[in-house]
Each structure stands twice: as C-alpha cells, then as structure tokens.
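Labels A, B, C, D, E and F are assigned to the chains in the order they are written; within every chain, residues are numbered from 1.
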C-alpha cells in the first residue's frame, strides 16, 4: 500500500505531519494498492490536475491543498466522487500537506519565497494552534517595495499588487497563500513590509489604515515553491520519475 | 449517475431522507456511474458484505448502517479505503438509511417488528432531534413476556434474553437495534414491556431497578425487517433484480 | 443625538436593522451630539475616509463596512482610537449597514448589480442565519459571459476576471463583495453564471471543478451600488447635503 | 462521618480518586454518620444490591458503577430517591470507583483479568482524558483464541462470544466492561487479540472488518475482579467484616 | 409518595413548573413516602430552616431557593448530605419554585410587591430563556421615590436603600430578589423607578450613570410575598396545617 | 500617546497586566494624545467620576472597574458614548486594572486590607483561570470577629455586616469587592473567618449553613486600598500631580 511505502514515511517525517495541527487532514488522504515509481506534484487537487496525473499514470499525487478538510469528507457524490473514483480506478494515491508545507524551516513556502528574492529567512511569527505559521526575513541592504515586487514578478511569473512602492525596507514578514491575517502581527513584530499571496479587500484596507507597505504576490504563485522543493528532495532521495503539474491562476 | 436515478429519488422520498436529522449521513453515500438493474440490500456495509454485493455485480447496495457518520469520513486508508475502492472499481453505489428506516410509519424496523408478532403499531415516542424514534404497539389480548419472546425467536431466527417472563402485558414499547435509551421513556408512556435489539448491561440493570419486563431480541435480527420491506417495495415498483445479503450475528 | 434623529429612524426602518442577524453591529456605531444637515456615504470606514468626512464637516458617516464587528470593539488604542477620536472630536456619527444593505430587495447591492446590467432580480437564495443573502436574476435573452463581463466593467468602472467567457447564459446568481461561498448554492439552484465581487483562489478552483461560469467583478466595485442608492433615498426624503466618498481599490 | 474515615482515605489514596478524570463522580457519593465496621462490595448500585447491603447492616457500600454521573444527580424522586432514602435511613455510605478501578496498575479490572488467565500485564494504552484506560498483556507461549476463551469462561463463570477461535496469539489488548472503543487502538498497538466485557454489534462488525480476533467475556464478569481485589486489600488492612454482593447478569 | 400527591399536582399546575426554563430544578426535589397533612413554607432551604420544618413534623417543605440547581447535585457529602439526610429520615419532601414563583401573574413575587404598595401590576418585561421575568406596575397618582420606599419598609419590615428620593414617579419596574440585571431594560421600557431586592454595587453604579431612581428593598424581604401567597392558596384549597418558617436576613 | 508613556509601561509591568487572565480588558482602555503630568485614581469609571477627572484636567484616569469587559464594547451610544466622548475630547486616557489589582502580592486590595487591620498576609488561594485571587492572612493573637469588624469600620470608614461576632479567630481568608464565591474555599483551606466586600444573600445563607464567621465590609470600601497604594507608587516614581476621586457608596 502507498500508506506503507518508504516515500510516505519520508514525507511524514520530513514535514512533521503528526506534530502540526491543521484544518487540513494532512498525510495520505486516499490510499492506493501499488508500488511507487512515478510521483506527481501540484498545488491543488482540482479535477483537471487529477486527470493529468492519471495521464502520466503516477502512483502518488502530492498536493498542498488536498481533498479532506475539517472533520472529514461528506457523501462521495458530485465532484468529490469523481476525484476519488479517478484516483481509485487508476491506483493513484493522494497525499496532502497544507500548513506543514507552509511553515517548514528548510523547504517551506515562506522560507522559499524569502530565498528566491535574496532575503535571509529568520524567525517564524504569528501562532495558530501552537504553530507559528508566518516567517520574518531580512535584506542585507535596503530595497524599495517596488524593487522587491519586480523581483517577485520575475521569479514567480506572477502579477503583483502593491501598496507604497517607494518605501525602503529591510525587514519583511511573509505568509504565502491567503495570509492577510498575519499583516497586523507582522507590523507589531517590526516588519516594514508584508508579503502574502492572495489579495483580499480587508487586508488591503487594513494596510492603508496601518500605513504598512504590502505586496500581494498571488495565491498560486507563492505556493508552488515549497511543492517544487519537496519534489526535488524526493527525486534526490528515491530517484523516482517526478512531474510537476501546473495549475496556474493569476489569483 | 446513481444519484440521479429514479430509484434514488424513490428512496429519498419514501424514507424522507431530507427531513430526519441523524448522526448518519443518509441517502447516497458513494455515487456510481451506472444505470440501475440489480440492487442488493443488507443491514451493514461490512467488507464481506461489499464483496458479496460485487460478486452479484449489483449497481447499488442499500444498507441500514452505512459508511459516513457525523461530520464526514476521514482519510481513505485501511478498511475505509478498501470499501470505497471496491465499490468504485465495480461501479456500485452505496445508499445508507439509518433513523429514517427505524422510524418509518409503514416500512420501518419498529413497526415491522410489531407486526411480525401480531401487535398493532400505534404512536411513536421518545424524541431525538425532533423525530420520535421509538414506537408503541398493542396486543388485543394479554400475552406473557415469555410467549412474546418465543414468537420473536421463531419469526426472527434469533435468541432472546428476557426479564420477567411471567408478566402479562398488552402495551409494548419498541426500539430496534441498540435502543436501550428508550426504556425509561417507554415505561413513563405506559408500556408494560420494552423490546429492543442489542442487550446492554446498563439497560438490563435499569430494567431490574424499574421493575420493567424486557426483551433483548438481537441488534441484527431486529433490523433486517425494514431492510427487507424496502427491498420488497423496490421489486414491486421497478422490477429490478434484488438480493438480500445476510450478515447474521447473534448480537 | 444622532441616534434619536429622524434620519437614523428612517435608515433603521428601511434596512430592517433589527431583523437581520449579522457579524456586523449594524445601525449607529458611534453616536454624536448634533443635528443632521450633511451626510457622507462610503463603502468602508478607513481612516482616510473618516478624514475626508471631517473635511466636509458631515454629521453622519454611513458605511457598508463599519467599525464594530462580532462581540464588540476592544481597547480603543492605535487605529481604532484614532478613528473614534476623529469622529467624536468632530461630532460626526457613524452608521454601519452590512448584510442589511447586501440583501435589501429594493436598494440592496445584489439587486442593484442585477439592474445595472439589465437583468431582472428574482428570488433570494443561500440562507445564512435565517436570511437569504444572495440573489437570482434573469436576462430576457441569452448573453455570453463575456458580454456580461464587459457591461459590468463599463458600468462599474472595474476590471473583471472571468471563467468560460463564451458560455451563453440567462439565469445568474449574484452575491456582491466577498461572496464565493454562494457559488455552489447558485449552481444547485439552477444559475448558469455566478457573479461575485472579490476574487478568491478557492472559489476560482471550485468553479473550474464545477464547470461553472464565473465573474469576479471587484469587492469595492460591487458594493458602491447599494450605498449610492441609499444616498439617493436620503437626499429625496430629507433634502440633506450628501457626499459620496470614494475609496476605490481594484480588489 | 464516613467521608472522614481512615477507610475512605485509604481508598481515595489507593485508587488515585483525585487524579483521574471520569464521567463518574468517584469517591464518597453518599455520606453517612457512622463508624466503619462492616463493608460491602458490589459491581452496581442497583436497588436489590442496596437492599442486601442493608440486610447485612453494612456501613459502606463500595461499587464500580455508582449513582452520580456527569454533572450531578437530578431531583431525588423515583428509583434515585429510593436508593438514597434506603442508604440514609440505614446510615450506609456509598463509595463509587469507576475508571480508577478499571485502570489501576495493581488491582485494576484490566490487570486482574490478564493475571487470571496467566498473562503478564504490560503497558496501558488508549488515552481518554489524559488516562490510558486499556491494558496490554502477554502470554509467554502462543495460545489459540479458543483456549483463552475457555480459560476465561472457567475462571469467571461466564459465557464468552468469540471471533476467530483458531488464531494463535501472544499479545492481547484488554478493556473490561463495555470496552469496544479500544478495539482499533489495540490493533494499532500490535495486539493480536482484543478482550472486552460487553458484546456490542458495532464492535463485532468492526472486528470482522479488521480481521481481528475478539473475545466478549461479559460486562459483569470482567468487572468483579477489581472489586474483589479491593475487598481483599481492605480486609487485610483494616480487618473489617466484608461482604461481596453478587448481582450477576450474563451480559 | 409526595410526588404523586394532589398537593404536588396542584403546585405544578399553578406555577407552570413544566413550562418555565430555569437554572433551578423546579418541582419536587426530594421525594417522601408519606401522606400530606402539614406543609411548611420558606424562602430558603438552609439547614436551620430544615430543622424547624422537622420540629413541626411537616410532610413537605416548599421553598423559593431549593437544593438542586443547574445540572444536578454533586456528591451527597457535607451540608448537602445533612439536608438530604434530615429530610429523608423525617419523611419530609422538598419542593422548589424559583422563577415560576417570581413571575406568576397572580401570586408571583413581582406582582405581590406591586400590590402591597398600592400599584397596579401591568405587563411583564425582560426576557430570560423565553420567560419575561420582571414586571411593570403603575401608580394612579404620582409618588416620590421616598414615599414608595417608606411604604415598602413598613409593609415588608425591611430597610431600603434608595437613589433620588425626591423624584416623582408613576411607572415602576420590579424584579424581586437579586434583580439588578433588569435595571437597564426597565428604563428602556419606560419605567421611572426600578425596585429590586438585593443591593449590588454594579447596579448602584449603573443607576447613577443612567440617572435612574432605584430602591433596593432587600433580597429576603421581597421574596416572602409569593411564598406566603402560595401558602394561603394551599390552606384554602386543601385545609392542611401550614407553617411559614421565617429566615430573615436584612440582605 | 498615553499608551507609549513611561507611566503605562510602569503600570503594565507592576501589575503584570499581560499575565493575568480576566473578564476585564486590563491596561489602556482608551488612549490619548498627550504627555502625562496629572493622573487621577478612582475605583469606578462612572460618568460623574469622569467629569471630575476632566475638571482637574488629568491626562490619565486609572480605575479598578473600567469600561471594556468580555469581548469588547458594543455600539458607542448612550452612557458609553458619553464617557468615551468626554475622555476623547479632553485628551484623557483611561487605564483599567481589575483582577491584577485585587491579587497583587505587594499593593493588591487583598493584602492591603490584611495590613490595615494588623494581620500578616500569607499565601493566595482559590484559583480562577490560573490565578489565585483570594488571600489568607494571620493575626499573631486571637481576636473576636467583632473586634476585627470594628477595626475595619474605623479604618475604612464603612459599615460592616457580620455573622458570629463572638467567635475568636487567627486565620482569615480575604477577597475584596464582590468575593462571596471564595467563602467555601476559605473554609476548606482552614480560614476561621471570611472577609469580603459586597454583601450577598447567597453568601450570607451559605455562611450560616457552613457555620462560618463572616464580615461584609463594603464593595467600594475594600477596593480603594489598592487604588490608593498604586497612586502612592506613581507619585513616588514619577512625581506627577495625582488626585484620588472618591465615589463612595455604602454598598
């Protein structure tokens, strides 16, 4: 079974799946009766992604946003039925890693975003259920918000949406994906700029009121980094055939 | 899809699936991409039952105790994975009806138990989330508890476990399955005997203290009646091939 | 006091403030010791908006997103202190109307959005705390999603973000602001297109999986309509000097 | 007062009454104005048991299943009134010890059941409110499930109900009384056989699906062991006259 | 049994025990095996009161503040044990009526307080769990707060504690016992004076801020009226020997 | 800003504002744009107190019972509006310290009450949300309850209300303000007398039943001590002009 494979043990251990409390049911979400040879990686478990994973005939699909949240999955009808059916019929397992992938100190989305723009990741901040889910980072030399935004756009192939482009900053707070809830905590902990993925109206208004520079870098764009980093580790560790399945949106 | 079939609409409507609040997720629990021709009926969704349903190549498996309870089903691993996998791979849907099958005024487990021993079903009693889940019934002439127990044993092919065999009674309270929680309410509403399925220690002790005659008739034995009645209605209404899949336990 | 003024009685009555349960504390949020002569209207209570209201020396500021949510406002420090201080020192009252303004059947954001694009508002849908907060609407003749998006962009001076531009539709579901939670319910109730304000990643992915046309029309852009309609009614009813205070974002 | 007696201090201390969180209100449940000379021990506080305790004129009745559960006892009417009245009029105190008696590492029901069939008690398992309430045990040499069941029947004078009689096992998980909730945890912790008291339909079905050998040894039968062990300790420690009041049921 | 007596049926019916939700467990709280001939009435179930009830050898003790509140009574030790023991040994039942006695439209504490000072009881106000627990009353002619306080002192043999003695009032809000929580609602509903029993610091400060006249008339003093009225009805209806057991405090 | 002043840092640190969980929102409750030169101290934030603080033109008003409790303050209308308006318009900040002031081991209300009557403060008792909120104290030589009451009356200029004047005691339990909930715990921890501020009917009845001497010394009277002690420390530390604003009630 996929759930007994060395790969799953490696992932559970790497990402501390059992230690981090989350709304997502992390780890194996749908098992499979198969040996691992091919593994696909994606941000989301959308139906079109599943179909491409099956076209490649992979044995496990690793995603950041999985299928099972909260207290479980309801009746297997509609879209949920179709995803489970496709996975089961093709003997493809599903593995989800949500917060454990955001917060990881080596391969997490937050630290990878810091690194890609040349900032040094530092201490995590903003506690959620005993895990600090956001991350501070530092530039050695001051940069303007606009410069940082252009680096992000280029490196992540995304459009950004910014506030206070001319402000010069060194210390930045990061929470990838939909992370606006960390804006205030970032400011209180001394960040001069807050970067998150998904643009929300409330966060934008709050940043105006707090006079806090802000970059919305895209939900999808900021969450492929950790996924790709885990893919790289899996390739190196096991030598499996791997696929990154893009599902780009500009949101 | 099974979920759009006339059979499912018939069952949802017959059993008032949308009206009765329950711990069980009633209705279609696992969908299937198929037309209905063969339907199996069973009390439980145990793996051995699923395997027999698949041997018969049925399109829908109707059960009293389904797979999805409370807020949903967790990760599809272990036993849950295997059941879902077997159903999906064989394009067999799963339909669950728990309280709606116990309480139905025409085909429910409670009223069917009353009828099979020659008692006339009367008003329901003991409210649970706005549904009265137990049922009063009357004998035209007094019978001893022992006589009633022997009828049940014979009709249901079960062993019974009784208290106060010699007591003569006319008015009885019934809650099939694991129904001990209705004992006290039965007494308060005037029942002279309480019949339930599963024997529990606490109910037994409570009956001794309340000086209340009691028959434990078996959990499984008391819950095949409604399942078989629904099977009969489906045969008559649609002419499908039907199978009753026994999963007898003496508990 | 502002809270005893005819204007406040008119607004409370028009918007059924006391009848609609909401996370927002609707109605007068900060009182003032003044007679009403000038009234400002805005979507948000951001500090820059408050400053402009004070520059115009208005007696009441009416907003869609107010200052007091949930169980109350915490210590009056930081940004909250500054907003309250500015209001109090200038004897400007604050009035908030969140859900009551979204759902109103005559002047609400949902119905106003329908009207502005030439669709006829119909029944409300998707219950939240006993109020149906979204709204169905119909076009007499089929239009493509792209055509509708272009109308919205032009009428609301907004950028839209769409899915499935070529699909032809007549029945549309609308929930202004951040309304993605109504997507699924819109589809289940027969809508062929769903329009909401704020673009969210999850809603976008869900629409792809549900194969459901979608227009994100902007959070701010979709919520000025009801505010302006109330402004118009207040002008007609009372003859006060009124100001609309724009706070445009493209989110 | 009984509650100030050396006996009660001894029991509270032995069973760690203050440390173990439980649904039962453990310790003195009904006080008495008397010196201790005679003590009765029973599994349940049924009315017939209380009457026999009073016939023997005992000063304290020690039971496993007491009178006060959850947040307290409601109005003292009906059966509860009669039990309290009989105790009070005869100056007989009542002492309850539920989980503290099941889990005790020296005299608990679980370890006593292991010992009586020649197995060595090991570590506790399955946490409930910070207490591990079940117990692992080992046989030095493999035995079949059937052999173990026959030992239990003989030693406890009970009927057992088993699954997979021929399976050979060494490591067993035990939870006396109504303990089916520990079946899955027993398997996950490596037990090859699970023994509990009360037979339940759901546990039986679950064991079939998990392919897990099972012995239901009787609720009452598995819970007299700890009670009798405490009786023995009290006799040795204090030299009081003691009585075991049987209340056998075969459930 | 006392719980089956005509007296208890009369009281349950008179006071609508089953209809009014309360923190108190109203109705028979401790049963007794006796016929009713003598009944005592008191405000509280203090031990000294119970002893006096027993000296008079009464069969039922009716109180406003009983023994069982919330979810039940905990272990019967200490003071609770002694009260239950004394009641049971003397075959004296206990009947509690808390909110049902405060709010009754004919014999309740609120309306009796209004009547004794010559005011006409009117509509109830301030909802608590679906019951309006306070009561408005009117004087035909204006009186000063001081005049009203002196009437209360004289009629109830209590000391009062007042605010704004000179204010002239006609409409008064009343909640006997510890009723300060109704002060604000009284004012909002148009009362010009609020009368309650127990003086509390917070209510006093609130009244100063609300500029609202106030009379604290004593907790005990304001709650004997309903008790005595029920006593009178019981005497007239049944001709039993009755006793009022005073337990005066000046609080 | 007042919230950034040295005075606020001193108070937050002294009173461990961040460490003690409370129903009150302790610390700065309403900020102000000013430098500190004059500070007023009072027990309550009543409107008349605020007016006197403003007459003295103070920069900060320190109170024991503040304006913001529980989850926040609702709409700023009525009395709450007026208090906030008056504070804001006069640039007067508000600082609240509830439990932190009661429990402080050097300047708290409990220990100050002990000292003023010549008793030595000892260990705290009765845990509430991880803080022990009451305090034991000892007299070197036995005193009667009456003697202690007379000392309190004289030192605090209050009337006291006592139970069991003649009893001689050495160990006393203290909880100032409305502290009756600590009576039972005081007795269980060995206190021979319990002293609290506000007299309540339930505490009085409970003390009678527990045969426990009791002094009610007045809510207001027992809570000025800590306030005045903090005032003294602030004078010594900063040399500011300070005012104590009395708001005496005899409750």
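The working rule: contacts are C-beta pairs under 8 Å (C-beta built on N, C-alpha and C of every residue); 3 or more make two chains touch, one makes a residue touch a chain.
These numbers come from a predicted model, not from an experiment.
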item: If a chain touches chain A and chain F alike, it appears here; value: C
item: Given chain B and chain E, the chains that contact each of them; value: D
item: Interface sides of chain B and chain D: same vs different residues, half threshold; value: same
item: From chain A, the most remote chain by mean C-alpha position; value: E
item: Turn needed to bring chain A onto chain D - CA fit, degrees, nearest 5; value: 120
item: Centroid distance [mean C-alpha coordinates] between chain E and chain D, Å; value: 46
item: Interchain centroid distance [CA atoms averaged], chain D/chain F, Å; value: 50
item: Centre distance in Å when chain C and chain D are each reduced to the mean of their C-alpha atoms; value: 62
item: Per-residue overlap in chain C, given as positions that touch at least 2 other chains; value: none
item: Topology of the chain contact graph, where touching chains are joined (line, ring, star, complete, other); value: ring
item: Sequence of touching chains round the ring, chain A onward through chain B; value: A, B, D, E, F, C
item: In the complex with chain E, residue positions of chain F that touch it; value: 44, 46-48, 65, 79, 161, 177-178, 197-202, 204-205, 208-210, 219-220, 247, 249-251
item: Residue ranges of chain A touching chain B (in the complex, touch as defined); value: 1, 3, 25, 27-31, 33, 68, 70-78, 81, 84-85, 88-89
